[in-house]
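Both complexes below contain chain A, partnered by chain B and then by chain C.
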Partner chain A sequence: MDTLLFLRPARAVPLNRTLVGYVGSGDLEVMIDRTDGHQAEIHIRTSTQGSEARWQQLIERMEVDHPLPAMRMDIHDFAATPGVIRLRIEQALELALDNRGNTHD
Partner chain B sequence: MNWCPHDLLWVTRTDLQCAPDDSDTLLPRWVRDGQGPVVVRRERVPTRGMIAVGVRGQQKSERQAAYIARRSVATGLTPYELAASRPWLRHPLRTSHPVLQTLADLAPRLDAKDLHWGITGSLGYEFATGESQLRPESDLDLIIRAPNPLTRCEAAALLTQLGNSTCRLDIQLETPDGAIALAEWAGRSPRVMIRTAEGPRLSAEPWQPATN
Partner chain C sequence: MTDQTDARLIPSFVEQSARQRVEGMLDPGSMRELLSPFDRMTSPWLEQQGVVPQFDDGVVVAKGTLNAHPVVVAAIEGSFQGGSLGEVAGAKIAGILELALEACQLGTPTAAILVLESGGVRLQEANLGLAAIAEIQSAIVALRQHQPVIGLITGPVGCFGGMSITAGLCSYLLMTREGRLGLNGPLVIEQEAGVGEYDSRDRPFIWSLTGGEQRYATGLVDAFMGQSLSQVRAAVLDCLQQGVPEQFRSDTIEASLATLGQVDTEHQIDATRARAILTQEQPS
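After this line comes the complex of A and B, so read on.
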């Protein structure tokens, strides 16, 4: 297991605590929690070794489409493909930012 | 034969290609020289007669996506055929490894429910080849054919009936459009991930084909 941390500038917005995804091969779990800071803190535990550059690239690409909220995001990755990772992070962000107050997807 | 994701195929290794219409570029040496079956991947291949496969090496990091012509397939084995031959009964670690103990416990219960189920993942590969793949922390990967919709209540009931296992259990439901995780469908998430030949998507109705 590799542990990675990315800190990105972010905007403070209301957030729902969120947990999406699945603990299984080729999938991942994404948790979002509130934070007092003005950063997106992204903690990643991954079974794919040496994947830091790939995650960095993925996060940078995501930021282009979705400005990140200030949050703590925890990711447990079980060798998911980039397509699956992106889908799960988008699913988590959508629910975290949903102002109807849902806390789970 | 129409090969499906997770099927194991014995092929002529040197016929493997790195792209469906590129037979010139060489694949890594361990792929060409290796032995053992390749596994069918979930990817729609536009080129006629070509199948998307994955190749497993000796190391966990050795995984290679490749393509093979249907005519280069000597023989194949589906996860369902593998389960029907009950290979866990003959495995030397059958009484000591949690994955094999769990499988021995689950098999009669799955059969009693008349479920069409199969063994995938590293254990399926080990049963098919005799090559040791199980590690202490291995999961048990199973697939259940689900041509007709299963309600979320039925999924939750099935998961409960299968009970507590001594290893991590990853059961995928194979719907006509792709695979979903039984545990996710049994859970509370309004939309679940379905892996299709066109890639993964989120769906609240995984038995309905995509509408776009």
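After this line comes the complex of A and C, so read on.
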């Protein structure tokens, strides 16, 4: 298991606490929680060793389409493919930024 | 718009996550999850062994109401580590059962619903998992004197190992066709007895012996239910209305042992013979 941390500049916006996915084979869970800081902290635990460069690229490509909010994001990855990872992160961000509110408050 | 009359569009309880199952079971708006994922109570043992943890440790516990009756619900997430129980996951289930017992003693009759989806003890936390399952079992035995403890085995994982013994202690045990109940899982039996005796890849054979239909026919469970949320909920409500049973299944252990003592182990057993032995009827 590898433990990774990425810190990215981000804008402070209202957030819903969000959890999507689960730690099952080929899947991951993504949790978004609020933070006081002005950066996106992305904490990753992944079963795929030596995958730091891949995560770095994935986050950089995501930022092109979605400016990241200031948040603490935790990822527990159980050998998900990059496509699944991207979908799960986008799903979590969509729920976190949905201003109609969320059940996890 | 979804058409509620089309069976293909009704979500199956079997396909839902543990949290969706709990949400669906309880009256809308009544669910209060304890130790939610945002409390970050993960297993302290998995990471030390290089295994990725899950924020709820694979168990969802909540208080709420079911048709206005106070209940606690614990649901195991079968997708995380095969629904295995370690220190945290096990303590969450034991704790919520003890809360229900306390509520009963303080004058609020509170029943318990357990969604059992488990391979048994989590091997990475062996002794702590065993201790936790023992705590769950003693909490069930204490609570079932006051209020029903209703166990559900809906699949796809099934209920094995120490949790199959736990299932046997419940006031009522309900299964779907997809669910399986057995002390040892199919792979374990195959390794011990040989593939000629028990082929774990032969799915029809495995389900014919341990599936919900067979377990209902042999009297090891109280109800055989459909897979939709409304059918599962109706079956649970039915048990809730029946209240505390006059006799628990685990009280009849002597009769069960006597039956098993008469089994002729010389010949390969099949589903029909198993049914005949357990129901004390001659095979047709």
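Assume the second predicted complex is superposed on the first by the 102 of 105 C-alpha atoms of A that agree within 3 Å, B and C clash if a C-alpha of one lies under 4 Å from a C-alpha of the other, contacts with A are read in each partner's own complex, and residues count from 1 in each chain.
Please note the rule applied: a contact is a pair of C-beta atoms (placed from the backbone, for glycine too) under 8 Å apart; a residue touches a chain by one contact, two chains touch by 3 or more.
Predicted, not measured: the structure shown is a model, and the values here were computed from it.
Applying the stated contact rule after C-alpha superposition, one finds that A:H43 touches neither chain B nor chain C. Once the two complexes are laid over each other on the shared chain, residue contacts for A:V23 go to chain B and to chain C alike. When the two structures are aligned on the shared chain, A:D33 is found in touch with chain C, with no touch to chain B. By the document's definition of touching, neither partner reaches A:R8: not chain B, not chain C. Of the two partner chains, chain C is the only one that A:D77 touches; chain B does not reach it. Residue overlap on chain A between its contacts with chain B in one complex and with chain C in the other: 22-25, 27, 104.
Note for the complex: chain A touches chain C at residues 1, 17, 19, 22-25, 27, 29, 31, 33, 45-47, 74, 76-78, 104.
On the chain A side of its complex with chain B, the touching residues are 20-27, 49, 81, 83-84, 87-88, 91, 104-105. Those residues of chain B that touch chain A in the complex are listed here as 61, 121, 139, 141, 168, 170, 181, 183-184, 188-191, 193, 195, 199-202. Remark: chain C residues 17, 36-38, 47, 50-55, 77, 79-81 touch chain A in the complex.
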